[in-house]
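These notes open a run of structures that come right after.
Both complexes below contain subunit A, partnered by subunit B and then by subunit C.
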Partner chain A sequence: MSNYVAPVRDMLFVMNELAGLAEVGALPGWEDAGAELAEAVLDEAGRFAGEVIAPLNVVGDREGSRLVEGRVVVPTGFAEAYRQFVEAGWGGISSPAEFGGQGLPQLLAKPVTEMWKSASLAFSLCPMLTQGALEALLHHGTPEQQNAYLAKLVSGEWTGTMNLTEPQAGSDLSAVRSKAMPEGDHYRIFGSKIFITWGEHDITDNIVHLVLARLPDAPEGVKGISLFVVPKYLLNPDGTLGARNDVQCVSLEHKLGIHASPTAVLAFGESQGAIGYLVGEANHGLEYMFTMMNHARLAVGLEGVAISERAYQQARDYARERVQGRALGHEMAGPIIRHPDVRRMLLTMKSQTEAMRALAYVTAADMDQAARHPDPVERARYQARVDLLTPVVKGWCTETAQEVTSLGVQVHGGMGFIEETGASQHLRDARITTIYEGTTGIQANDLLGRKTVREQGKTLLALVEEMRTDAERVGALDDEAFRQLGAALEVGIKALETAARHLIDVAATDPRQAFAGAVPYLMLLGTVCGGWQMARAATAAQARIAAGESAAFYRAKIDTALFYAEHILPRALTHAHVVRHGARATLALDESAF
Partner chain B sequence: MKIVVPVKRVVDANVKVRLRSDGSGVDTDNVKMAMNPFDEIAMEEAARLKEAGLASEIVAVSIGPDTCQEVLRAALAMGADRALLIQAEAELEPLTIAKLLRAIVAREQPQLVICGKQSTDGDANQTGQMLAGLLGWPQATFASKLEIAAGSATVTREIDGGLEVVAVTLPAVVTTDLRLNSPRYTTLPNIMKAKKKPLDKVTVGELGVEIRPRLATLRLAEPPVRSAGVMVADVAELLAKLKNEAKVI
Partner chain C sequence: MSNYVAPVRDMLFVMNELAGLAEVGALPGWEDAGAELAEAVLDEAGRFAGEVIAPLNVVGDREGSRLVEGRVVVPTGFAEAYRQFVEAGWGGISSPAEFGGQGLPQLLAKPVTEMWKSASLAFSLCPMLTQGALEALLHHGTPEQQNAYLAKLVSGEWTGTMNLTEPQAGSDLSAVRSKAMPEGDHYRIFGSKIFITWGEHDITDNIVHLVLARLPDAPEGVKGISLFVVPKYLLNPDGTLGARNDVQCVSLEHKLGIHASPTAVLAFGESQGAIGYLVGEANHGLEYMFTMMNHARLAVGLEGVAISERAYQQARDYARERVQGRALGHEMAGPIIRHPDVRRMLLTMKSQTEAMRALAYVTAADMDQAARHPDPVERARYQARVDLLTPVVKGWCTETAQEVTSLGVQVHGGMGFIEETGASQHLRDARITTIYEGTTGIQANDLLGRKTVREQGKTLLALVEEMRTDAERVGALDDEAFRQLGAALEVGIKALETAARHLIDVAATDPRQAFAGAVPYLMLLGTVCGGWQMARAATAAQARIAAGESAAFYRAKIDTALFYAEHILPRALTHAHVVRHGARATLALDESAF
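On to the complex of A and B.
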């Protein structure tokens, strides 16, 4: 059981020093989004996350959401906290002002999202899915659909869901079978959807489901899937709530983690058919889904950051309090944080969490640049960078969260294995993040196939060059620590470049060999990008110290960067080795020998 | 009715304060700062009065360096209509603060000043009382309930052993206790709006107040560290220790 204190200081440091808040604030329409506003927003969001949401995390885990006589009952306190969340207007942070949002850039919205996710991952999924539904309607809905639903979704008065998965259609959505039968100005939807996050609850008056289904004459496969909006309660012509639609929650899943989030099995059209309205053009549903999914993937990557932060805070606090054993160099038994190996574990957690945060926020800023940079060439360049890094933020941050949350349990020793301490909840909650919104394998295939091989590594090699310039700059500083940082980073960059070029070559002749190395390649890129960001962070911290600012935070940043360079960055060499030499062994074993 | 609410920037209540190594004061370098919690309650009360249609305008005032603008922005986000920063670099004593506030009251002509009963850094619990004295206004301190009607304020005060209800005619100074209200969470739209609300600055000189200190702080020290306890074998040993070592019985 731990408090959560939003790491506002580190967040602002990353936003200002690494992600270019000033540059984002210079983009048209975001003139207000400067450092002062960022601090005010993060302070208040941090307070809300720490005081209102974070105390619910353990309650949510223990009670879980339950289906009682056909009604979903959310854990104690969740409905009230959600009501406060709506009242405080946090849901609309990055939504357009036209529909009641604040229209702030991603660089400001994503750190706030991180806070909700640290406070309670299960809670945060409700506004996150609402955001997904909202964006689908914002980009592809008719003006009538937008007027009917958007303001309520932006405010959070209604929540949204994404209905993609069916029992036979998971990672491969071409197998979707749900049907949509035309009837006048609307459709009748029939089918069964599973894994629907916050798919049913009564904490709001209405739920807006977005559903993938096939028209009767639709072609086979992915090109025959359409997107429909299916409200739980139909709307009267004046916008008020009307009849209950024909969509029912059949059951809730029993899960390893995120117990508070109701994961529903929804049955559409058990009687006369659920009334749905086509979003955008017929047979383009999957394409629409993917425009949103890139945002969602970055958000899930942030979940890796967020839950790592929470696990780290809890482990650090425990290590400071738990007295056990006389540490080397001490006379008496003392807190376990004195033991070198506990320090190693905590730094492994801290350094990777900070590295992940930096890469995620830098990517968020790139999204803002890609959206609003006045020069179309620059916009395209930023978009390519976002496309490249999105699967990395998703895959690498969530995979690393597995290690970090596991170490969080380890720092607690036997107490970590006992549920009362709450350390294991983070491990269990984190486990879904490498799976939903595309598994790590899917992210890696996207990174390797679409984002690297297809364009012969153009965007990747530009990134390598940028990292190399930064590494040289860091290494040229007149300071032993920075020479070390620069040298370690250059080794990692070289390993990355060699591995990437190898994959591009091999993919041309034997794609199976290349894709056997996709996940190691993703982890390699993530690890090196993390080292790059930590070296940049250390350099910025050094400049602050040189400018006479009080040193503790900045000194810690440099020390943490050094730890990353010496303990984490060398993993790049292992990943690169696997990429270059591991494929044959992966593919050799006969299927019958497994 | 116009309300003036003075707000002070202090070390955040969640921060464990440390002394500077030379004992000359509290180390505030790189420490998270926030609005004095009692002033937050004062701001909230003013906002509630305005929402209830009993107040027409709320002016938040802070005294200190430019960094105090952040608590003024917070006050604007909580519902103040405009803000005023009295620029001052030196550490000010309650009497000086009260004199500066008197000058603001003379300019603004409010019917009500709601102050926190004390600040969590100085803990002086004097400013509100001194301000009322300087203005010749009635005062109602340590308010746990405030009702405004027909030119007077009925204030429930928390006193030793119970509650006291007093009525004061307006204009008056009211100081807030913890149980007056629980400040709400500031909403994101209000944080955004606060950026566009007016925040004016005046100098101490413009207000014609002399800020010469009357007190000199000689030294600050941490409380002594408590020594570890000992386990006693039985009641007899406990009694012996209480009698002979602690000399309390």
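On to the complex of A and C.
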């Protein structure tokens, strides 16, 4: 089985050439965050991911986390790896220095996140959820709450969780029923939460649960949900650990993948009520959650990139080693990578992985610009772009990861179906990513409703114009390959624009028709944005070659972009057709006839 | 969890309206095999599949078959269900009456096979492999071998296996190394075989292994492989069971899916050599295997249909029960089937499942015509059609099953990722179907090389003409929906024809370029054939409605065909684009740059 080698050169290429690391490094407070620091951070993170975390991935899958007499037992090696992770300070790299973090921009933090997720998705979820809890308190907590919890969450000495889902409240959080009863300066929380990632474990001394619940007098629906911080162990006035709070892990789920990540059913208040503290204002809990969720959604989008990268590396290594059959144009039996269809599968994996990574990092850089650009108009413009692209990165990257990890199995032939090979774990692990933090359908509704129709496509159409300018520039280069890249991209952009305008029109008169095309629209936008980034990558590579730099790496960028343009980008036409012509058929069949 | 209900009405509709059951029933010897018998057989089989086999599917997945002290222990209930299966005579429904079978045509047998595979894919593999062994002996065995084994295999009292793969010989069977040393009237077999489905168990008294091996003086490569029958227990002269043969199960694979099916590593001749008997002529083993494989490939294609049907039923039932969110156009929270995107997912599953079923049954009917049509010219024409469509049914249906079963998980949201829900089992089980009995790449090479290019597209272009005639007829109906169906189909056919002609041209000068497009060509052909069958189905349904028959069932056929035409058929354009323009990019990237 191949181990994970962080694709540092590919990552730096995207950061420098496509995502504008230099521009991010010019923003106030990030003057040190240039190419040099990026390389150092990525090298070090790559080593840690490859040497410490990646070897645990298979162990974690086989052993899983188990509930033994009320205690969660994590797989062999996970506690020690997490201890090293905390010690090395990886938990807080993008957190504020004020609470012990390193305050790095997202453009540096997200590639590091990708590495953890490639190395072991199950492991990576623990710091990811901690990050969510941390941000909730950072943006909405009282100074006392921040003092009590933030430093420990930033360092990773304590972990955090997000308690949203209940059996009757999944995609629709308005159905949350957990109760919070006021009692002096705190509340007593009662209710049952499911699907709580890393909801219980003892690899740290404490766990900080963020919990959605309703006050007794709260209005029905989404406007009656409040957010509470509920620590596993209460804190004494001096900040040391006090009594065990009334929150218990009653079971762990038996899942298709990410076995090492304990997915807990948590019971709050089975005895006297769990003590919780209101975060921010009452009845604004869902709003706070959604603010944080944009970060989490981008991170889950990166999971699509990360698992695709890992699956690709494993399939490529196998295809180079496995000797089977004589390929056309060869005299003797050789490695299967020589077979045209194996190349096709590997390039389908590789080209989409690179396209997804580029879009995700560009969006991370947009987040940095939205946070710190000196001009408020620019900040708003970048924020709108981030809002538009976040559901795309989440939905498109995770859907694409299903295809990529499945191809990873296929490249292995019969061995791919054998669990010991490890290829199928990536498929199983990837399968959750289109579901949690909002299903693809939820992402698509957000993209279409809030991010496109509500503003009559303003941000989308600006993106279309930017892509078109780039496509024209690429197509104008005096080179057949670039004419081809430019032309393919222009076809995709045209399809996207037509489909988007159609949806905006239809939404005004018949929203159901419009929303029937929401997921195809999301996939269309992702596919075209991927083609855009690949064309930009090819152009940047061409410039490097022209400047006399070592050609092999850059030549590969151009070849991979051409593959994307001729194999993947044409899917845009299908998606656009479905958007424009498919809604009636989606809605026609009588419900009883399914 | 929903149980499986055999879709008898859908099946009969395809058999009667699309696959020509009446014409098959007019072939010599099949005069009883009309609509009445079909309905009786399907009703009975549906009951058996739903009541006896389907409840074992989850049990089989959880327990798996295990090797305990050299003995294979199958999951609870499997042995008893198999006993009932044999007792009811299901094993031999398409086998010759001479050996105790019922001699039914493939068009009746294949829907029954689909039911077993929907009910439990792992269970169904046991009779499927038995069928393979049975056919090898039926077509190539000596009268003595036939007398010794056939009746027991037909009844299912003994099971059969196919021993092809070795660690170094997977897709490329020319690398088989197992040896057969002559010794009197028999041979001593030595070698190790892997991936042997139902290779060892004790639910029957004996197992009849068919084994590929080489004679000492055999030429290298594919022309030096012979076929042997190697029973687990040798037979006494009176046909009773004698000594245990020298074949041992040394391990079972730990697989992603089909856990109940014991996938054995078999060691032949670890002591004195396993006694085997030559089947047919020496050095013709691979040729015999390929004859049988066409049946097996169609059966595996049916697995794609069958698992898709099961996944669809489960997702549909969940979508009707699960209440979550208020759908557009509704006042209150309701079942998720009301959400447009859930409809889109379910229809993507349903429409493709119906399209696949139609093509598979039509191909089964073509097999019957190829076997018994009175005119030898017609027999040859049908056989060519079967040869062309077999890799399509195998490759396209199994690839599509990956999408359908993955959507089945997605419809369930978070619950889909929990193993207890059962949705993910279908995804895991389906994952083997694109791999065994020849990967999709192998099917595509067969389709493109032997079935298209070698005869300059003769059979393919005749199919194109037939589809075009049907498309014109559909489009000429005085109804907007049918004009739409006809137009969409004509676009697909045009794309197919252009792509096929391109491949035939290119293959003459640059076979690597042609074969780089083999899988997209297979998917293109499958997608268009599916659209063809759906348009035929809609037309047949329209005729029924016009004749005054109950409209709901037939109206659904038209709506489902329209969905396929607007959502699935447009993929043909992407596949055709890749075939025509994608090869260069597939072959360009330097091998070291992957």
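Quick notes
Just so we're on the same page, the second predicted complex is superposed on the first by the 594 of 594 C-alpha atoms of A that agree within 3 Å, B and C clash if a C-alpha of one lies under 4 Å from a C-alpha of the other, contacts with A are read in each partner's own complex, and residues count from 1 in each chain.
Operating definition for what follows: contacts are C-beta pairs under 8 Å (C-beta built on N, C-alpha and C of every residue); 3 or more make two chains touch, one makes a residue touch a chain.
The structure presented is a predicted model; accordingly, all values stated were derived computationally and were not measured.
Contacts of A:Asp32 after superposition: subunit B is touched, whereas subunit C is not reached.
Contact with subunit C, but none with subunit B, is seen for A:Glu420 once the two complexes are overlaid on the shared chain. Of the two partner chains placed around the shared chain by superposition, subunit B is the only one that A:Gln102 touches, whereas subunit C remains out of contact. Contacts of A:Gly441 after superposition on the shared chain: subunit C is touched, whereas subunit B is not.
Once the two structures are overlaid, the count of subunit A residues touched is higher for C than for its counterpart among subunit B and subunit C.
In the superposition on chain A, contact of A:Gly89 is made with subunit B only, not with subunit C.
With both structures placed on the common chain, the touch criterion links A:Ala552 to subunit B and to subunit C.
In the superposition on chain A, A:Arg47 contacts subunit B only, with no contact to subunit C. Residue overlap on subunit A between the subunit B contacts of one complex and the subunit C contacts of the other covers 552-553. Residues of subunit A touching subunit B in their complex: 5, 8-9, 32, 36-37, 39-41, 43-45, 47-48, 52, 84, 87-90, 92-93, 102, 549-550, 552-553. On the side of subunit B, the complex with subunit A involves touching residues 14, 29-30, 32, 34, 70, 73-74, 77, 185-192, 194-195. Across the complex, subunit C meets subunit A through its residues 165, 168, 170-172, 175, 194-195, 253-257, 316, 319-320, 323-326, 328-329, 333, 337-344, 346-347, 350, 402, 406, 409-410, 413-414, 416-420, 424, 427-428, 431-432, 434-436, 439-441, 444-445, 511-512, 515-516, 518-519, 552-553, 555-556, 559-560, 562-563, 565-567, 570-571, 573-574, 577-578, 581-594.
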